[in-house]
Amino acid sequence: PSGLFPDQTSKNNIVIQADFTLTFQCYKQALLMQENGLFIGEVLVLDIRLHPDFSILQKISRFYVSPFLVRKIFKPRHRFAHKGQFGHSLLMVGSYGKMGAAVLAAKACIHSGIGLLTCYLPSCGYLVMQLAVPEAMVITDQHENNISQLPEELDKYNVVGVGPGLGTSPETQHTISFIIRRGTKPLVIDADAINCLAQQKELLKHLPKLSLLTPHPKEFDRLFGLHENDFERMETAEKKAKELQVIIILKSHHTLIATPGGQSYFNSTGNAGMAKGGSGDVLTGIITALAAQYEPFEAAVLGVYLHGASGNLAARVISFESMTATDLVNHISGAFQELYPSAP
Amino acid sequence: PSGLFPDQTSKNNIVIQADFTLTFQCYKQALLMQENGLFIGEVLVLDIRLHPDFSILQKISRFYVSPFLVRKIFKPRHRFAHKGQFGHSLLMVGSYGKMGAAVLAAKACIHSGIGLLTCYLPSCGYLVMQLAVPEAMVITDQHENNISQLPEELDKYNVVGVGPGLGTSPETQHTISFIIRRGTKPLVIDADAINCLAQQKELLKHLPKLSLLTPHPKEFDRLFGLHENDFERMETAEKKAKELQVIIILKSHHTLIATPGGQSYFNSTGNAGMAKGGSGDVLTGIITALAAQYEPFEAAVLGVYLHGASGNLAARVISFESMTATDLVNHISGAFQELYPSAP
Amino acid sequence: PSGLFPDQTSKNNIVIQADFTLTFQCYKQALLMQENGLFIGEVLVLDIRLHPDFSILQKISRFYVSPFLVRKIFKPRHRFAHKGQFGHSLLMVGSYGKMGAAVLAAKACIHSGIGLLTCYLPSCGYLVMQLAVPEAMVITDQHENNISQLPEELDKYNVVGVGPGLGTSPETQHTISFIIRRGTKPLVIDADAINCLAQQKELLKHLPKLSLLTPHPKEFDRLFGLHENDFERMETAEKKAKELQVIIILKSHHTLIATPGGQSYFNSTGNAGMAKGGSGDVLTGIITALAAQYEPFEAAVLGVYLHGASGNLAARVISFESMTATDLVNHISGAFQELYPSAP
Amino acid sequence: PSGLFPDQTSKNNIVIQADFTLTFQCYKQALLMQENGLFIGEVLVLDIRLHPDFSILQKISRFYVSPFLVRKIFKPRHRFAHKGQFGHSLLMVGSYGKMGAAVLAAKACIHSGIGLLTCYLPSCGYLVMQLAVPEAMVITDQHENNISQLPEELDKYNVVGVGPGLGTSPETQHTISFIIRRGTKPLVIDADAINCLAQQKELLKHLPKLSLLTPHPKEFDRLFGLHENDFERMETAEKKAKELQVIIILKSHHTLIATPGGQSYFNSTGNAGMAKGGSGDVLTGIITALAAQYEPFEAAVLGVYLHGASGNLAARVISFESMTATDLVNHISGAFQELYPSAP
């Protein structure tokens, strides 16, 4: 649209509010940025038949996550597979009044191919989880309302996901600090765990290598300082992913996945019906399951894609307004099915 | 039907019990009144092709809520929308033995497009809500069985809905009185909150401007005195809406929405399958969600219409007898879908 | 089948085990008796075109419940109906470890057109009911594990159903004895309430007129003494219904409804998939709802028919083995729909 | 595939990894073994028209479970059946944090044709079970977190299933030891009950005749010593089944059922989507229901087949990754329906 810079912020520009934006060959960066949402309307990419070698020759470090890319990551199950092959994840989630976030993360995890799931919860979450997710095992903290320490035998889990519904009580902050400092395996870090991290920034350098962080823009800014616009935010994410050797998943309409190797990926799935409480908890559950079955980078790209694809499938039968995080969980199955070799 | 006055009560008349009533151009008032339900049977409006300017020239202050009107109010979601744009509602609901009403209101709210929902409950409702509605956050009152005080940070919520399942204990009455007196933002007031109001009528004049009240006829009469017939009740509603500068939603087969500006609206959706406990709680939940996204008057008209439309969609697959309030919730999605620009 | 008496027991006979039994014009009594189940196979009634007046001229007191009869009883809802017209029932149900029976009865009641439902439970049932049936209000007994007294304001309920899951603790027996002695309105009496009655047979003569008892054959024999065969049981049921002026619903494949007026009715719906725990609780819930909307005799015939019809609808999609009482509840809606004037 | 021995382990061989394996007339043993899963790909059995008498003349003791065999075992329900004919099972299941396993076993049992089900649980499981499975009755142990003693009136149950979610606390081990020593009726023994048995091997010789044990390979090795390969494991299973006069169900892709009479059966149903926590609990529930209706050997073959068939039906609509144990339960109904005489 006239007035919109393709590769830098247009915040001070006068820009046309287009109903449709036509663009040549591939998405331009500006078309993927939240801040330009009001200007670009529907985007149509016109194939102008550039020679395929051209894009290979470019030093491209930012990619758009296509179904083709995701299918290359996805590993269909072998017929004789047994549950030991799909890992055992631990979710450290929940606090008094926020057990729903814990339930949503656990359900999403169970629906994303994990072999076994254990949930570590404050005592007040015991009944909630046992009833809502019979497939999950539960260990409770001795603290009634908040997680205040680490579970035993932490090393037996392939992946640990922390964050959804934790709250930011001192004892929980202390626990999060502890698991980050001791951890050798990658962690999945979301929501209140990110907020805890933002309040103890010295922890950032202790993050286990290849950990996955899933901030939304506000959490991102709490973590890495205020940003003027989405372009700056993208650059910080890319810089910090390299510097800290972690994977940063900056949630947005086109979620950005920045990797330690310097590549970053813009997600292509999802919709406005997912713009409500609980969506993020579902993403954490999906990634916590996938990280037990895939490399962290693969888990990030696959997880973010499946999360949005679940939302798109849900939107075929449920209105944007009425779609819930539970609906997302219920459509993860269909999102996986679209990746099967025989899927249309 | 012979014997039925079109614009005043016919309670003392001898009236034909018609199977079908044909009426010219538009509904007459008598055809919308509960008290005439037995006389009019099915109503068919015959288009006699009055010039459209005619109705515009009339000083009409009472309207029939058409799908056309509702679609003008409804705002489809923008593609890049995020949850911050859809508000954060608070529901103050529930008491010992009536937590079902709280659950129904919360589910309805979650299915009506709210960004975030927090429920303020008596302690006895903690597990019920966390299990039934994982998408909702929960804060509990220190009182076990009833709400006895206000939650902290009341100002951070865009809308507060009070009433479903509250009971009328002294501590709850006190709390309702308190929130009405302090409130600056509009409240959604239903059920036992209306009964509390009826017992402390001096509170009426403290109602925050543009609050939404949803009495059924008995609650209405408790609030504003006994009425002989539905015509008188309508006039009182219209008078009080202006006087108190609130929106009065008088529930009935054709629910009446009386506004501070003097216009009133008769709803066109709904059916006899909704005539059971819990339907009203669902309406409160819908309106509490919409009032965080729309002007109060728009939330009222849209909410009442969607509530009835959900019932009509439910009735396509469920018998009137077996339809539950939970079924209403499950069909809110379809009711929204009917408003989409592309819907048939 | 050769060897089978049409109108008396054949217990000592040698009888052919037929795959199909053809019978003229109408069911013979022997074809409706549980004890003959093994002999008769599928029954086909051949219409031999007796003059309709013939059956009217006979002094028939035993009827087969046809869809035609049931549709005469059924009252479709009026468009302007409101919840006050459909009554307020009370279910006194449940004890420690048997709250499932309470839940099933309550769900069935809610799906059978009741306006409002209140459940009176031992304290241990509080959370179970509030979570499982949000549409029901709950009052709890001060006793943790058993019902030990009557709720207040018993007279405000249109119907009281007692029995499912109650257990036979002394305090519960005492309570049942109390409600029977004081009661003026008809009661619905099932399961453990029948067992309590069997242990205090002097209560039988205090049963409120037109109460509905729903024993299965073993409970029936505990109540009225051992019987040799189903024919004797039928005759006792008819005798006792007249003597006690109650309606006796003797559950079986063709459930018998014996009325105070001397007529009795054999039900025509149901199947072997319903032969499991919980089916009876669902029947009690249905009848407790209907008795608030219909005459007791009508509630009995309609309720037994709908219960079996729900099972038949469930059997179209669920195997006999896997069908649960919850599945029955979920198909009550379809059973009502079959009674609508426009149903095929 | 070249390099694969048909009837002994090929662990030290170099073997082709085939995409497809064609085999004449019937499955060779090596094609049914987990350890060969990577080599054989899809297996196609080519009918080379051996004379049917040929296989009868062979002294075959290992069978492949065909739908034909299973339909011979399956008994359709008689029209006049009542719940007393389908038995009353007891499940001793659950411990703190593992109540989900108990719920899954109970749900599976309820969906597999049982007349009545009682669950014996630690106290912490009370609410979970009453809410999740209203069709089940509950008795609780006085111990909060673990089963510590036997329920009363153990002899009134037709079958007792023990194991899912029990944990291996000393008091539970003691209880399991006790029920094994006293038992006269066959038990269904799974999961932690097998682990308890493995820690007190002297109990093996006290196992009630025709008990059913359902170990996965790791549990099997704990019970009977480490095995080098699946062929050895098969032979031990067959030997131990004869020696202890029990039925050993060795879970795997092609689950092996070894019987006291020396025959063994390889199951033909199931898929990789079942490779996750909870699947085994569902199997225990199914077998505990069937053992109350069938001979133990029949219950084993029918149960294992139905369990896998449920998984196959689930896989038609749900992805392997998202399939849960709850989904298995929901498809037991369809698995039964496939056995009906009229099924396609």
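Observations
Labels for the chains are A, B, C and D, by order of writing; each one numbers its residues from 1.
Assume contacts are C-beta pairs under 8 Å (C-beta built on N, C-alpha and C of every residue); 3 or more make two chains touch, one makes a residue touch a chain.
If you're wondering where the values come from, they're calculated on a predicted model, not measured in any experiment.
Ranking all chains by how far their C-alpha centres lie from the centre of subunit C, first place goes to A.
In the contact between subunit C and subunit D, the residue numbers used by both copies make up under half of all numbers at that interface.
In whole angstrom, the spacing between the mean C-alpha positions of subunit B and subunit D is 54.
Mean C-alpha positions place subunit A and subunit B at a centre distance of 38 Å.
Contact of a single residue of subunit D with at least two other chains is seen at positions 127, 131.
Inter-chain contacts occur between A-B, A-D, B-C, C-D.
By the touch rule above, subunit A contacts subunit D in their complex via residues 76-83, 85-86, 110-117, 126-127, 130-131, 133-140, 332-334, 336-337, 340.
Across the complex, subunit D is touched by residues 34, 37-38, 42, 97-101, 103-104, 124, 127-128, 131-132, 216, 252-253, 271-273, 275-279, 318-326 of subunit C.
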